[in-house]
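Labels run A, B and C following the written order; every chain starts at residue 1.
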Amino acid sequence: MLEKMIFGRYIPGDSFIHRLDARAKLIFVFLFIAVVFIANNWITYGILVAFTFLIIRMSKIRLYFLINGLKPVVILIIFTFLLHLFFTREGAVIFEWKFIKIYEEGLRQGIFISIRFFVLVILTSILTLTTTPISITDALETLLNPLKKWKLPVHELALMMSISLRFIPTLMDETDKIMKAQMARGSDMTTGSMKERVNAIVPLLIPLFVSAFKRAEDLATAMEVRGYKGGEGRTRYRKLEWAAKDTIIILSLVVLAAVLVYFRS
Amino acid sequence: MKREIISLQEVTFTYAEEDENVRPAVNNVSYTVYEGEWVAIVGHNGSGKSTLARLMNGLLFPQTGQVRVFGEALNEQSLWETRSQMGMVFQNPDNQFVGATVQDDVAFALENNGIPFEEMVERVKQSLVKVKMSDFMNSEPHHLSGGQKQRVAIAGAIALQPKILLLDEATSMLDPQGREEVLSTVRQLREETDLTVISITHDLEEALLADRVIMMNQGSKYAEGSPEEIFQRGQELVDLGLDLPFAMNISRLLKTQGITLVAEHMSEEELVNDLWTSHFNK
Amino acid sequence: MDITLQQVSYAYAKNTPFEKRALFDVDLHIPSGSYQAIIGHTGSGKSTVLQHLNALLKPTDGSIQIGDVEVSAGKKNKQLRKVRQKVGIVFQFPEHQLFDETVLKDIMFGPMNFGVPEQEAKRRAIELVSLLGLPDEVLEKSPFDLSGGQMRRVAIAGVLAMNPEVLVLDEPTAGLDPKGRKEIMDLFYRLHKEKGLTTILVTHSMEDAARYADRIAIMHDGKCVLAGTPQEIFSDEGRLMDFRLELPQSMKFQKKVEQMMGKKLPALCLTEEMLAEELARFLKKEREL
């Protein structure tokens, strides 16, 4: 179950996208979110989709894995599509059956929103699939560094995030293990009424909580004995390096934005 | 006279001091560890070994008695200096891996102590060579075996070039192969440097490697001496939850079968030799 | 209840970039009432095999016959609960599965899930707590207030309380001190003998495999490469070494002694007791000559 999800995981590789500086990728994704909203007609959405596929190609991640791993999100997209399809009442009626009426504008809106959703999810996934969690954290820490002036504990937040990320696989294994152990004791989390299912989750959640707590305690001790006393006086082992290709990828977005503005109606 | 590294003087520690019913986890314990020694602390589960470890590096402070490190009392002021001189490895390989990858984890203590970047890179490399993990610089913890993770933990602990390495049941969650990897790493480190090793364990093989064994029972020091002296106590140790060396078990079993031996032997070689000279070679 | 694995293959995370084949065409027959040990180095697939034994995992290829229930690739099966009741699994570090307010309730959790009446479940829990050498007071305590060794015993009691016919043990003594280890292994052996429990033990201890099991299977790189009696398995040291395994200590010592004497003892000594006995008998005979 859990093992099929790929959102938020990292696939090792050596593609152009993999080798980009994590800061560049983060900035790229944030800018992209804004750029997406420029599109408003068939041509501009078409360009967006083409651009997305280009990025997928450059990341060398197989489309099949991407779609397969994003299934839960795809369901969400379909849901949004249907929502727009049925509830937008503008333009000509293009389909009518009993009480269901579908309008031209509804179809258009549904498709556009779905595309927007789709390209955003794909590009964010590609960010996480091609970047190690630690680089993302490092990038966030560096990018947010100016906020230290306003007493935002940037270092602590970044460390917390990197440790949480580091423990995700461990906790996933643990969840799987405890789930199986309780299933072996006859607990059934997949059938029965809503109430029964909620009850069946307790034997899973409590051990997980206890174990996460124990791990956090151990980890805090391990950090303390290795001399951790906050961000003060610390040096950094990780160095990020901004190269020409990073500037290029950001510029490509500027170009994309310009093209979109030109073709938008 | 060898230099004193760590010394406990009549140390007592109770976790819930206010509760009358809780007996001390460590009760009036004294011992001294000297420079370059390998000391094993053994004892059943719950006998107070981990509490001793926490007392030795100032994660806990005793209610009575004193802990001295390098001849000076361990207190809030000397705490961080002491910790930089004492690498520590714990039982659970997963719960002490702080970094996202092997090299980040090894660098952690160096970062905390403000070591400059270039030196850090060098030391991370050296430490990983010492534990034979340099091929795994970029690996993430969940792709490593337990033994590999513990070796990384050792690399992280020695990166600051401490005087003392303190292992709290570092091998008890490992398979035989992982245990062997960790033990041979420690053995080799001792050959290359004058590292003082304190290993807390109930693994017999690990205890036999030590120069001296301190045995704990229910919070008190039960015995102290060379591995030979400790294991001569035979059945007493078994009753207190420990194993005896294989050769000793066989010696004792042979005795019940009416075979006389010169002694209860610690090592297999001695036992074979005894069998050879007194029973076969006649 | 016989268990038979036929050409079982298994892949984790099938059809994803993280796909990982863990088992390749495993064949294994475990007769009812036997004590089967499974040995092999870490990552060889032992735990994956175990999880198939009560259908927590279903083969991606091949099939398993568990008593009269067949679990095979691709087929839905409605009898899995029946299997799970009859096959109890003690996972590695089973104390991690404790969750209930009191030890009593936690032990009753398994049997009550399978429809055992409350009174009966309670009776079993009380009986098991003393069988596992825990004082009666623990019944009303929270499992999280116990020591590690006691928690382990409570978790084992929780599995035994389902009255399984087959008991599957995944390194049940890992992390315990030597005394605790021996007590628990002896208990499992007693249950095996007294209740005729089919017992399947995964272990890294060649000594335990040699001492307790009447059949041993070796896993290596996801395949079951060797199966037989302890005598058969341990008679070929060369093959064991191919699979990065060793002889039990008593047999290693037997070899040393035999080398020194230039003569062989009449039997393979699987345990320390057996070694001492054979050695004593041999020495006495030599003396008489």
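Definition applied: a residue touches a chain if its C-beta (ideal position, glycine included) is under 8 Å from a C-beta of that chain, and two chains touch if they have at least 3 such contacts.
All figures in this text were calculated on a predicted structure; none of them were measured in a lab.
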{"item": "Touch-based graph of the chains, sorted into line, ring, star, complete or other", "value": "complete"}
{"item": "Between the pairs A-C and A-B, the one where more C-beta pairs touch", "value": "A-B"}
{"item": "Remotest chain, subunit B as reference, centres from CA atoms", "value": "A"}
{"item": "Centre-of-Cα separation between subunit C and subunit B, whole angstrom", "value": "30"}
{"item": "Subunit A and subunit C: spacing of chain centres that average the CA atoms, whole Å", "value": "42"}
{"item": "Chain centre separation in whole Å, for subunit B relative to subunit A (CA means)", "value": "44"}
{"item": "Subunit A-touching residues of subunit C, taken from the complex the two chains share", "value": "12-13, 15-18, 51, 54, 56, 81, 84-85, 88-89, 91, 94, 96-100, 109-110, 113-114, 144, 158-159, 162"}
{"item": "Interfacial residue positions of subunit B with respect to subunit A in the complex", "value": "57, 59, 80, 83-84, 86, 88, 90, 92, 94-101, 103-104, 107-117, 120-121, 124, 140-142, 156-157, 160"}
{"item": "In the complex with subunit C, residue positions of subunit A that touch it", "value": "3-4, 6, 9, 11, 61-62, 65, 68-69, 174, 177-178, 180-188, 202-203, 206-207, 210-211"}
{"item": "Complex contacts: residues of subunit C adjacent to subunit B", "value": "41-43, 147-149, 174-180, 204, 244, 246, 249-250, 253, 256-257, 260-261, 272-273, 275-277, 279-280, 283-284, 286-287"}
{"item": "Interfacial residue positions of subunit A with respect to subunit B in the complex", "value": "132-134, 137, 162-163, 165-166, 169-170, 173, 214-215, 218-219, 221-229, 233-239"}
